[in-house]
Amino acid sequence: MNATMLAGRLDLTTKRFAVEEVPVPEPAANEVLVAVRAAGVCLSDLHLIEGMFTPVYNPSTVVTLGHEVAGVIEAVGAEVPDRLRVGQRVALQAGQACRMCENCSRGRTPCLQVLTRGVDYDGGWAEYTVARHDTVVPIPDSLPFEEAAIIPDAVSTPYAAITTTAQVRVGESAGVWGTGGLGTHGVQILRLVGAAPIIAIDPSTAARERALTFGADVALDPLDPDFPAQLSAATGGQGLDHAFDFAGAGAARVQAVKSLGRNGKLVLVGLTPEQLDVRDSIGFCFAFHQVVGHY
Amino acid sequence: MNATMLAGRLDLTTKRFAVEEVPVPEPAANEVLVAVRAAGVCLSDLHLIEGMFTPVYNPSTVVTLGHEVAGVIEAVGAEVPDRLRVGQRVALQAGQACRMCENCSRGRTPCLQVLTRGVDYDGGWAEYTVARHDTVVPIPDSLPFEEAAIIPDAVSTPYAAITTTAQVRVGESAGVWGTGGLGTHGVQILRLVGAAPIIAIDPSTAARERALTFGADVALDPLDPDFPAQLSAATGGQGLDHAFDFAGAGAARVQAVKSLGRNGKLVLVGLTPEQLDVRDSIGFCFAFHQVVGHY
Amino acid sequence: MNATMLAGRLDLTTKRFAVEEVPVPEPAANEVLVAVRAAGVCLSDLHLIEGMFTPVYNPSTVVTLGHEVAGVIEAVGAEVPDRLRVGQRVALQAGQACRMCENCSRGRTPCLQVLTRGVDYDGGWAEYTVARHDTVVPIPDSLPFEEAAIIPDAVSTPYAAITTTAQVRVGESAGVWGTGGLGTHGVQILRLVGAAPIIAIDPSTAARERALTFGADVALDPLDPDFPAQLSAATGGQGLDHAFDFAGAGAARVQAVKSLGRNGKLVLVGLTPEQLDVRDSIGFCFAFHQVVGHY
Amino acid sequence: MNATMLAGRLDLTTKRFAVEEVPVPEPAANEVLVAVRAAGVCLSDLHLIEGMFTPVYNPSTVVTLGHEVAGVIEAVGAEVPDRLRVGQRVALQAGQACRMCENCSRGRTPCLQVLTRGVDYDGGWAEYTVARHDTVVPIPDSLPFEEAAIIPDAVSTPYAAITTTAQVRVGESAGVWGTGGLGTHGVQILRLVGAAPIIAIDPSTAARERALTFGADVALDPLDPDFPAQLSAATGGQGLDHAFDFAGAGAARVQAVKSLGRNGKLVLVGLTPEQLDVRDSIGFCFAFHQVVGHY
């Protein structure tokens, strides 16, 4: 192993991004060193480079990007538990509990100031990266690095939105606005938990067809003037139990609220600056509607 | 018993309200006849008279108002269960399941088109009223009719908002915006379920003092420039687990969303035309906030 | 349509069963008449004939058996909602709410004295049967009557055990003791809701192989001396989140409790006279184990 | 501060208990040193001395007893968060997460091998004790040390049994078998969360009277032949939603299961060797009963 490596680094002051030669990091006692085999590029990375987001908790002025990372354990710190060993294929969680906030210091969850990999500390756009042991997940040999790398973000985000935040149960209906990166996984996860029907909603014909391939029961064009009638027909006139906005667009949100049935819930997924307007407050309360944030 | 009685009737076409002499109603086989001893006047009644609301399911052109009713059973229909007897002191539910909608006709709850007493069918601003047996609740002798009458609306609404919609648990913090009719009961119910701290928020000094008497731990003036710091101090810097808007004012809603802690939930109680704006969608999602309608 | 039909009738006094010629029943105003196309034979039917069970709520001394019924609507009572029409293919629920108990008469669920079809009132071992409209479920043309008939018992029982009583969530482990009639459906429903791993446990090699075909991840022989180690390996050493006893055998229950992980839950499905012994009360409490009844 | 102190120590090999002079412990970087002001004596301590329990995770052959401890912070390790300061009045949790098990090492709860203070590591029957910072809870000046000391065991155990394990909600009925140390607190906590009615069950007249003082609505003698009728009357014929066995006696458990209503739940609280027999498995399943362990 060389003493230096290439890494994709962002200067947080100037927003200048460059691939630079830097020292290979040394794992602390509670960390492992991982030889990176795959690392994803996420819209959030572009937002960081554009300066739309700024790291909140990073004490440094420069950071190695990359929060979607898979690879092979190269070295193990002295205090790392036995479950992790050199040579193991692993994926890395996209962040970690701070261990200092009011919840962490009391042994409670959730952490109130989660640190994000490749944002608040160095990430995986590099030949090597270090990871605190509790953020390292062994993966089976059958799972390619390229697929494993994106699980901790593009899969885990809709997974948590669907299973934890929305608490979707078998037989409940769900509409997915935006079947791109997150939404395509959303359709598959909804199928996994038994949601029915699963309605994919995307203006792109290709996206709708892909969603049907991945398990959607129906795919609708949100720009079709007949959309409300089509949505109603697909739910037997009941409206949706769950709506997921993976698109982050205001028009989608307005349409999604209107598509909800009684006790229906709209989950806003991800961090977009789009404002949320609920114009019909009487209807919202009369139908016991809910809007929930998630990221 | 006379054949006629006085009743407060609203002409739904002309919006003319008058106390008229009408026949005493006869209970159907599944109904009881109740001699009314107390009947509440609710803001919704004024809204009906003003024409702001119109009954959705009432096939008639005139209706006896009054959805907050208590009295004594005067007669019992042939198919009414044994639990109800002549002479019993009772309160009446403010509405009833339709028994015809998709849920009712499948033996499921909730009814999708609940009928409201004094709106969709004749209510209790009258000497006598009839009530379907499943909407009749016996009350103890220790409970005055005047107090019993308002339980099915001004108490049951905050009760359901707190226990069913918000699912407040012991030790969770709660803010109550507006400690008038509903909010005062809200404070007492939050005390009943062990919420802590309970923070009453009202611009009226008298309302704040009353809230403290009824069990609030802290009472704050929402117009005080120092309100955010006071709210933060009252919750140990954590923000609210639950916020209840009993005021129905847009400014209260904006302030309430800002007062939420992580996973915090704002419940909008009642049917007011006020629009809901969530301007900071990023913050909303980052903190997993929720907004829920209730009436 | 003839005035009489053949029906399989049990004399509740003598326990004599016979196929007899009886009048075709007339539907009441809230009932439909169904031409039976398929009716299942259930172990409970044998228990009734053997005299092990006796109907609790049947006022008659003779009953037409059969609580697993599918057919075609032949006639519709005057008060039946529009959703049901002559000629429709339907399955019948295996029972109905009493509409008289404390919960039913207050508009609440569940009914406290559910009446069972073919037990407390005449069932579907007959050419025709009547059904109260809220117990009639239209089925798609693609579903054969033979399969539809058993859904309301052999499928709905494990469905409710898994989704309502046990509240199995995606990614939770589940063991199925007894993969016969109910258990085979249990395996499929566990797959539907995303349980993982699903472990089928049956002494019959054929039953185990069938369970693997139907979606079990692992199939174990409960009589294998190595069973505890195999179960542990299959759950990564964690023990089961959920165990289902579809076998109704005391030995299975003892083994199932021992197989639970922390917070693990054993659901006893069905009405069998087998006693339940928890011999290690300390271990039961230390691991926060649960035992839940279901039928 | 002296270099030595008195401590109540148990030799785990010989079961000999003695008050000995030992060095004052030094807090590690993540610990505080506490000057003990109050320490409770629990039945579990007697069980340890009797040899009925043996520490599972204690690597030492001698241990300072005492898991119910309150005092004043005397010194603070280098890595202890700011929330803890010298001079603060505190109570100590009765145990701590291991930080090594499968859950702890993955940042999940609950810990699968919780370490108990005064059992698996040195406790508070001493002039001074050390405590890991996440197990230290500041207490208000208004709370005496003697009361604070028992909160982490005799109060927290029924609190968690009632709020977390049983999930008691407002308006649900609850029976408390055994209103001694835990049960008396149980009655108060049930009042706190709005349970109704609260039924105290104890053969001791004094215990029953105390329970009524502390908030029970009814107090019954379990040995009264009329007990079943009294229990039924107290619950309006519905049976209990929740039963808590704080007595740890087999007879109480049999009686408690019989007292449950539909969906009723019996929580077994604490570690007692008593066997649990459910003799009427049919009735148990028919009524969807539950038995849950807790300690």
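In this document, chain identifiers A, B, C and D correspond to the written order of the chains, with residue numbering beginning at 1 in each.
The working rule: a residue touches a chain if its C-beta (ideal position, glycine included) is under 8 Å from a C-beta of that chain, and two chains touch if they have at least 3 such contacts.
Since we're looking at a predicted model, the values are computed, not measured.
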Between C-D and A-C, the pair with more C-beta contacts: C-D
Taking each chain's centre as the mean position of its Cα atoms, how many Å separate subunit C from subunit D? 40
So which bits of subunit B are touching at least two other chains? 102
Among line, ring, star, complete and other, the chain contact graph is complete
Name, in rising order, each residue of subunit B that touches subunit D in their complex. 163, 169-171, 192-194
Residue numbers of subunit B touching subunit A in their complex, please. 102, 110, 112, 165, 237-238, 262, 268-279, 281-282, 284-295
Touching residues of subunit A toward subunit D in the complex: what are they? 81, 83, 96-97, 100, 102, 105-109, 133-135
